[in-house]
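You will see two complexes here that share chain A, one where it goes with chain B and one where it goes with chain C.
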Partner chain A sequence: MSTVPDPQQNQARARVIEMVGVGKRYGNVEVLKPVDLSIEDGEFLTILGPSGSGKTTIIRMIGGFTRPTSGRILLDGRDIVDQPIFDRPFNTVFQDYALFPHMSVAKNIAYGLMVRGRPKAEISRKVAEALAVVDLSDKAARYPADLSGGQRQRVALARAIICEPRVVLLDEPLAALDAELRRSMRDFLKDLQRRIRTTFIFITHDQDEAISISDRIVVMDHGRVEQVGTPEEIYYHPKSVFVAKFFGESNLLAGGVTALAGTDAVIESALGTLTKPGHAGLNAGTAVTLAARPESFRLVAGDGPRAGECDVSGTVEAITFLGATSQLVVGIAGAPGETIKVRAATKEISGKLAVGDSLTVAWTPADISVLAG
Partner chain B sequence: MTRFERLTLTLLWAVAGLAFVAMYGPALLVVTLSFFRIDRQRVDWSSFSFDAYAGLAGNHDIVAALTNTLIVGFSAVTCALLIAVGLAFYMHVESRRGQRFVEFMIFLPFILPAIITGVSLLIAFREAGIERGLLTVIVGHIVIIIAIIYRMVMTRLESLERSQLEASLDLGATKMQTFRYVVVPQLASAMVTSALLAFTLSFDETLVTFFLVGGEMTLPIRLWAMVRVGFTPEINALVAVVLLMTTCLATVGALSLKRLVRIPVHG
Partner chain C sequence: MTEALVAVAVYGVPAVLILAPMVTFLLYSFWSVQDGRLSRELTLVNYATFLSNPSYRSVFLGTLQLTATVAAIGLVLGYVIAYLIWRVRSSLRYFLLLFSVIPLSMSYIVKIYAMRSILGYNGFLNSALLAAGLISEPSKLFLFNQTSVMITMAVIYLPYAILPIFLSLERIPLSLIAASADLGARPGQTFRRVVLPMSLPGSIVGALFVMVIALGDFLTPQMVGGNQGFTFGRAIWSQFGMAFNWPFGTALAVVLLLASLAIMAVAGAISSRARVR
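Entry: the complex of A and B
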């Protein structure tokens, strides 16, 4: 499944790269099902998915290291599938950094300019600038072996941006770093991308990283693009059970379509009857899964549900203190065995709610996603 | 330690000692004898001198043979190095399907009995109408030593992460630039070591050379010719010189290897 990006966004930003039906197979194994994807100028696009889902394959095809078996890759509207690696205005930060061990940090960074035969003065000026950008000015004469993981990573970054590529491709650049360094490198990357206003295509298998850093996320699984969207869209409006499960916690409830009214679908589930607009594709009798985040539910106090809200009553089965918020497991009244996780501010419930209490939970239908299967 | 163990250990030491004597004894004997005169199979121990060495230096045939050997060694090693490194890089970067086959073809002359290699080359040169001489010897040596160089260079190449080559191309380098700036500097140690090893092989190669040599002799062939006539202190001196040169080569090799290996390695 591939998703057409929001047309409004496309008007705001020009497309740099357009992948049209780009697929890859090795022999009989299809490692990437044909993908349609537009990459916009200046965006931070993250490709997210479990190991083996085809993330590297995508950026290797963009970079020119792997040839697609189908489809076209357009750069500013021109097909670049036959263009050799060194002719493409992209630069890559490799997962293992791939620094040249026999060259100093400065030489590594200068490499792209050196092989293009740029004048010495220009090279040394730009290298000094790049070193300053990645905060390694005092390490210019060192060798990669003398650097820490985070420093090597920054050398690889500086080396990749010095030729001012149209797109920087980053293949899990943070994977080898420890948790704390990851977080600071993540902020650094985002900041760098803003400063140099260059398109970044970034690979990770870490959802939190993807959510915090990206303008848009491409979620992949088993060589297939599951969803493309902004972090919020993906978090609050997953389009498949896989995506809903992959990001944080979510409630997944079995349901069934009972009737169709125009493009509205009427769905029956433990939460009661729900009318969702814009589900013309469904048929009466189709089994669906409803997905909602724990924080999409609201505990109803004396005032009752607000306009446009639905509600359901239940019993508190468990309370887990998580800090500022607490998570309740609520058994739904009239649906034995069905529970929902509800997130509430700890201050609101402490001392007021205990296991066994009855309560009412409200939600807005727009916050519930209807997923196939 | 039991008595049996102690006995075994003593025995092992004795065997090791014998092996050592067998390996280095004759060489030392030859070097020692090179300083004395030999009269009817008897060593005249009172005649210590460097006469044999002086005779060696004054022997034009031997000096010419040594020169030829050096010419052959340098030319063969240089050519083999160029071919082997180019081929290894091509095979590695392009991941050619025929890689195994090419390696087999390269190794064949190295594994085959030298007689077969020598005779086949001889026949080939004759068919091609090429006169025997230093050139044919050089070709013969290239055929033999290329396998060593190729293997050592390839081993180093294989340990060089592919992503480094990709990074170079990614940064805008052509394949030639990648070869020059990324591959060659990192192959330097393997190239020096394999070249020295190949030179040593070429230096005392006798059998194949024997078939391909024309009027101009190499040092081992000269030595061979001299031995057939009879043992002289000059032969001992020549062996001593060869021994010294080989030892020097090995030492230089070991030292340069140590120096080059200091290149900081990734990781």
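Entry: the complex of A and C
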């Protein structure tokens, strides 16, 4: 490893937007509990949550459509809460696209430049560029009603990026598309964001979308930020039961802290005794939930567990073939009714294991998250 | 058996109640009155009279002009009122809308009398202008002429303009207005580039609707028009009520119907073109 520090790596990316204690309530209903959130320059940030979690409220407050009832929203360190929508250097891709039906595709895309009174030559050059970026050069003279859903989506994108906004806000833009188009638009969005190096704030309720597209994810529930982190952090190290359940499949096992040793916590559960470092907040007697992904377990062959691994034995209760991988439901020996889901390569299982067989699975304590409650 | 009864009901009732009177009406216009007696021989003489008589032609064109003016006033005033109501973003807006169309439920005659008392020599308008010092003696300009017909029609038909204009504003998705602001447009720009172009076709259709209603109105000109406020509707009425020349009156009514159909065709073309986009 190089000993010379790489300034690019050490320097944290500049913050574009900083939300400080930003909350929203309508009368007695608090739709967004005060949130602190920094958005870094050039990142693809996804706000993920079920409907009613407050994710749209955040994007609407940044865009200027909704006024927060508390807190400050800083753009480059300056509070913009009182700045009207049309003065904010952000552009939005709306869920229903909100294309102007009485204007051609080219006019729609040109709109932002036109209302700013830019010269005609500049407008037509930039519109041509934007049309090329979204691959719609042959549709310039068409009207939105003539376009397919995916094409409208791309017009909305081109219209939002043409003014070179500091941040592009995307309000569930893929929700109205069918599954196949969603996937290709998802890749297109990510690629576009890399090419134009602009901060994207993307709203979705789809976990797979969030994981595949984002630099960072903000998970929200009931008007509260549950966790902020990279997709890997959120997937493998959820900080709450909600986050663990929300992303993919998880094993959730009840446990209890039996003792503390320094900052280590000794936790007893169906998996046996587990020592987790760095859980100073826990006390002996605290009930906890252990969360682990099915793929965090390893089938132990003849060699036994490796160094640093724990193991538990059990019985195969069910096998589900999923293609390249298969999922086993393993009943834990000595803990009646407790099962864990284990994901393994199909070639490790097929022909070797059947329902009723005994087996041993191993795991690394670092792959298990200890959650409150 | 029941199927036959249903068929009679479905085709027979409209045929008797709508088609038959229309055919009779059309037929009448090709008959004539000779020496005070109805002749049932088919003739184009009524239409020829209309086309060759300059006074009927000028009354017809003058009425078209008058009602077009009424429609234009309805468009402008109706747009301003509908826009102001539409801008109210609380439940008050539907109350205001209801309030502005309440005159529709009032008797037509009462409204004309009300307008007469406002426009008359000692009416509200003259009193107000006198009190304001704008005129030194009551003006006779406001009653018993073409202007009074125009003002009265413009006022009593205004609700017919407000409603369709409000609906065409209401149909604009709010997300388009948000998108316009998001893209940097100031409120005035959003109005000029999004709200106005999107609501104008529906508003023009509403104004043309007003024109069609005003075109057939003979009571308003009769009551506030005096001798000078002669319109095509009055000309038709006089053929039925005074000259007792029903065939000629019917021919004039057919001309009026054709004019109304032409206006509605224009309105239809505007609204279908607007819908395509």
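By definition in this document, the second predicted complex is superposed on the first by the 362 of 373 C-alpha atoms of A that agree within 3 Å, B and C clash if a C-alpha of one lies under 4 Å from a C-alpha of the other, contacts with A are read in each partner's own complex, and residues count from 1 in each chain.
Basically, a contact is a pair of C-beta atoms (placed from the backbone, for glycine too) under 8 Å apart; a residue touches a chain by one contact, two chains touch by 3 or more.
Treat the numbers as computed from the prediction; the structure is a model and nothing was measured.
So if we stack both complexes on chain A, do chain B and chain C clash, or do they fit?
Chain B and chain C clash in the superposed model.
Given the touch rule stated above, what does A:N91 touch, chain B (first), chain C (second), both, or neither?
After superposing on A, A:N91 lies in contact with both chain B and chain C.
Tell me which partner A:G63 touches in the superposition: chain B (first), chain C (second), both or neither.
both
For A:F188, using the defined touch cut-off, is the partner it touches chain B, chain C, both, or neither? Pick first, second, both or neither.
A:F188: touches no partner chain.
Identify which of the listed stretches of chain C (24-32, 42-50 or 222-230) has C-alpha atoms clashing with chain B after the superposition.
Stretch flagged for C-alpha clashes with chain B: 222-230.
Quick check on my understanding: which residues of chain A belong to both its chain B contact set and its chain C contact set?
63, 65, 84-86, 90-92, 94, 96, 98-102, 111-112, 115-116, 143, 145, 159, 163
Which residues of chain A touch chain C once you look at their complex with the stated criterion?
Within the complex, chain A touches chain C at residues 63-65, 84-87, 90-92, 94, 96, 98-102, 111-112, 115-116, 143, 145, 159, 163.
So in the complex, the part of chain C that touches chain A is made up of which residues?
Chain C reaches chain A through residues 173, 175-176, 178-186, 189, 193-194, 197-198, 274, 276-277.
Enumerate the contact residues on chain A facing chain B in the complex.
Result: residues 63, 65, 84-86, 90-92, 94-96, 98-102, 111-112, 114-116, 143-146, 159-160, 163 of chain A touch chain B.
Looking at the complex, which residues from chain B come into contact with chain A?
So the residues of chain B touching chain A come out as 161, 163-164, 166-174, 177, 181-182, 185-186, 263-267.
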